[in-house]
Amino acid sequence: MPAPLLSLRGLTKTYGTVRANRGIDLEVAQGSIHAILGENGAGKSTLMKLIYGVETPDAGEVIWQGNPVRLTSPAEARRQGIGMVFQHFSLFETLTVVENISLIVPGRKAELAARIRELGQEYGLEVEPRAHVHSLSVGERQRVEIIRCLMTDPRLLILDEPTSVLPPQSVTRLFQTLTRLRDRGVSILFISHKLEEIRSICDRATILRDGQVTGNIDPREHDAHDLAKMMIGRDMPAPRPAIAREPGEIRLELAGLDYRPDDPFAQSLSKISLRLHAGEILGIAGVSGNGQAELARLISGETTRPAAADEIRMMGKSVGHLGAAARRKLGFAFVPEERLGRGAVPEMSLADNSLLTAHRFGLVQRGLINRSREADFTARCIKDYDVRTPGPQAEAGALSGGNLQKFIVGREIMLAPKILFVSQPTWGVDIGAATAIRRRMVDLRNDGVAVLIISEEIEELFEICDRIQVIREGRLSPSLNVAETRVEDIGRYMIGAEERAGI
Amino acid sequence: MLLSRYQLVRRSSASRRVAILAPITALLVTIVLNFVLYIAMGKAPAAVFYAMLVEPVVSWSSFSEVLLKMTPLLLIAQGLAIGFRANVINIGAEGQFILGAIFAASIPVWVPQATGGWIWPAMLLLGGIGGALWAVVPAFWRVRLNASEILVTLMMSLIATQLLAYLLVGPWKDPMGFNFPQSVMFQLDATLPLIIPGTRVNVALILALVWTLGCWVYMQRSFQGYKLIVGGLAPHATAYAGFSEGRAVWISLLIGGFAAGLAGAAEVAGPIGQLQRSVASGYGYSAIIVAYLGGLNPIGILFSSLLIAILYIGGDNAMVSTELPIAAVRVFQGSLLVCYLAAITLVRYRIVRVVTTEARA
Amino acid sequence: MTSPMNRRSFLRSTAAAGLAAGLAPSLAFAQDAPLGITLVLPSPLGDVGWGRALADGLEPVKAAYGDKVKVTILENIMEGPDADRIMTKSVADGNKFLVAGSFGYQNGALQIARRNADVSVLHASGFMVAPNFTPFAAKNFEGTYLLGMAAAAVSKTGKLGSVSAFAIPELITSINAFAMGAQAINPAAEVAVVWVNSWFDPAKEQEAAKALIAQGCDVIFSNAQDTPSVVDVCEKSGAYVCNLNSSMKAYAATKYLGCAATDWSPFFLEAVNAHFDGSFKGHNAFLGTADKVEKVIDWSADIPADAMEKIKAKEAGIISGEAPVFAGPISRQDGSEGVAAGAALKDEEIVAMDWHVEGVTTPLPN
């Protein structure tokens, strides 16, 4: 057996009192796809940061191609041949795709743009090289990150939950790409919570729990239930069955919404119509970048259109001209796709982030912030929604993606909304937390709340939605009853009527 | 093969020890650098440093001047810092300061015979209103036309300077002043009461301290202040929560303008005692440095305004007592600021020696 | 260097006295310490101009008294609260002789004089007098009258220009005399004026000079400008130029007409002498050619001999007092009578002159 590409011996990393990694041993073979499985907070992200040189270990050894190395910076890691796609992206929003890539990859912009298109076609990662990153959806940004890594010709590619933003057809295609990369001798470290995916593509899987390795197995020899059990240390909670009930009155109505954004790279919307009733969950499926972001901003009130007030109605009132605060007063709550910088202010404490939308609930009195009520509200949210954090004074930016999402979802639910709108509810969230979030939404539906979900994960939509509509190129499909629809039908709406190669 | 280099690494939390050591280190480095300069110039370094750094603090007459100089800096910087935290960059405090001076001067210029205890408070209030009105233009343009408040506030300052010049050579010129571009001397009731006998320190210092407390409460405790901070840190979160960006711009500019106008009024009604060209003496620009040096924090600004005032007075002292050329005074002031900024970087970052292994064949 | 004891004892006395008038600080060692003379200037001290003339005026004082005086020059001090503080500090340091080199220092300097009876103050261009406070000014108009004669003699267009600092009587009289001197040679001569409202603003001065030359002026009078900017522009544009205070011939090798120079040393020496023997007494010092303070130097060789003869004759008349500059009849700008025939303006009328004579084409600011 050839020497492993990468070996870790007893890697340990401590942040203050938190022991994020404890004596991690790991071997990644040449030309293998190796899964890292674990809940949020299990230490996956820390381990990846150690391998990618973002952090340096307190103890232990990294052996790269047989030689001990000290990886002190990502630049150093890239020089050694290690590439990584982060869960939170490291792109400059004001630059274009090709400008972002040219920061790391040498070469003329025209050549780089050509290579971007080439790689995009080859791996199903199409993206316009001249588009500004701020106009891209989360999914498109991830494609840019993957392409950027591939351009540096790595020996080891670390992918943090790479499939969560891709439609099913593209996942298959990406897996073909990864397999091809493996066959060319590139090893892949694959972080995912999608157990079926891991079983279908990975050669090895290392399972982490509480900063320690709890298993090192061949995933093809275990079923998903076993893997989940190893990961969370107990049996999986069963999904909450939805109670059959008659939908109530219309809470949210979009009536032939047309929208042409100022940004030339943003998606225009055309004749969007939907009706959301009390006591139902409506899901909007679709590949990222087909107008979800624009639609979300129109519904939330972050984009207002005084001239077309009637195109959006909440609780029977025209609201198209109202801002986000006015819509919230009507009983609307919203969890956005971007958690850092939109749903939460990273530099502020969780307590101060509660204030962002919960200020109307007694947290502000006579214009002054009531600190003790703010802390109470936050502590309740942390406890009820199982947010893993030292306390209300922790900075939002210090939380992992999943924990922050739990906090934001919890905060919005605590506002007792009549309409709850959640964009990408479980993107980047571990399996335990994702299940908890989905259960909460079903509970709300059962309690008579109108729930609207935008998600790119079809399985998730099928699990909890009553109805699904698919968005593609700014148009919304007719409403499909989940009980009478197959995953493949949704997939066809997602890619348009005719099958196209490369999607 | 081993390569070594140095790089800045962000600390997980700000170092308290370095926070205390930073200003001291900066001062020591500055002293050493300038020591060499003074030796080369043939000046006695001890005498220069005494005049520049010690005398402003130990001599009561000098320290009272420090307090006088600090007052407008403190007032303006507190107001500006609120806007800066909301990412509304008002660099036109100089113009708002001038307008405050003009508005305040309108009373003694138009009714030079008036007497009564109402005059100076009315002048201060008018000054604040004048400064705020001058900030209305950039606020309106930013909110309605999306024009950069940085450019508009700066241009408004140039206009203010011209307006002052026009009033002084034209309608507001002292008829008995031999055509010099300055207004009448203000009557006694149109000057600020002194609070420390034998000095020029007046009630404006108390106002500035109260204003500091108010700014602290506003930024630390009020929901309105919270919204401004959110706007500065994460504009998307502002839109998400439904806080009005336009309102943040209006509040930031009006508060900044009011504070600068108040300072301008206090300057003409205080140490100057008449409206003249030297009203526009750069306080509005220095206050920007003061605000950032104080970390945009009301308490920090209290100290930074004191520091800058000491530097000014100390520089003047050194010029007068040791015949240090004005250029050398500026070198000292500049090098201290540079050293201080370098030193406080180390509060948040640490220098790490990085050894790189070249493992690849 | 002032000794620390000096400073401390002064501080104690000022603090204790609450600045009560008449309580002079007890400085027993004052006899031994040199007399500190401080000159405060509004502009940077250059090689030429107003500040240089004042600084040069103190040189003979230094030469005469040697170790017994110590001269400190504080340049580029902005008028207003900063100047007040700096002058106060200088006096607090034990300097007993203050030369406040700008009109704008009047309020601050006067207060210092009132609070410190043992300090002697000379104040440039002002009008206030106190027992230990002397305002001083030069009769520049005597020199500019002669320069005006020369200007008309070399001008081809008969159009003269002046770049001037502030529309104060001192500068108005300089322009008036310049115009009257020109009319003595060429009755049709005219003077246009640009007020730049600054003692020191090279960019504005250059612009103003260029504007005047563009209007057809071929002789420019740089009136109370502390930089050679105007002189420089004129040399390059081929216009004759003259100025006040100190010679700028070095900046205009071919087109320099002359300088109405001020030599302050006789006045300064006399004032310092008076301070030492205790006889310093505030008075209005209005000093002219007869006092040897005002004198035109560096005459251009281009001035025709017959004109030069007339100039020399007029200069002699001014010194003797037989031919004062502002002798009637003088018409105002609007043609009305300014000074009746046979009369002449007295000094106190000249220092308050706020009207232009006929032949000055630019109206006074408001």
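Order as written gives the chain letters A, B and C; numbering starts at 1 within each chain.
The definition used in the following text is that contacts are C-beta pairs under 8 Å (C-beta built on N, C-alpha and C of every residue); 3 or more make two chains touch, one makes a residue touch a chain.
As the structure is a prediction and not an experimental result, all values here were calculated from the model.
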Required steps from chain A to chain C (each step between touching chains, minimum): 2
Identity of the chain that, by mean CA position, is farthest from chain C: A
Chain closest to the middle [Cα centroid of all protein chains]: B
Whole-Å gap between the CA centroids of chain A and chain C: 78
Chain A and chain B: spacing of chain centres that average the CA atoms, whole Å: 45
Centroid distance [mean C-alpha coordinates] between chain C and chain B, Å: 36
Residues of chain C that touch chain B when the two form their complex: 1-2, 7, 11, 14-15, 18-19, 38, 72, 74-76, 78-82, 84-86, 88-90, 92-93, 103-104, 107, 127, 166-169, 172, 195, 197, 352, 354, 364-366
Chain B-touching residues of chain A, taken from the complex the two chains share: 15-16, 64-65, 67, 69-70, 72-73, 76, 79-81, 300-302, 323-328, 334, 336, 338, 341-348, 352, 355-357, 359, 364, 367-369
Complex contacts: residues of chain B adjacent to chain A: 7, 12, 221-224, 226, 229-230, 233-234, 236-237, 239-244, 354-357, 359-360
For the chain B and chain C complex, residues of the former touching the latter: 44, 47, 59-62, 65, 68, 165, 169-171, 173, 178-182, 185, 197-198, 200, 267, 271-274, 276-279, 281, 313, 316-317, 319-323, 326
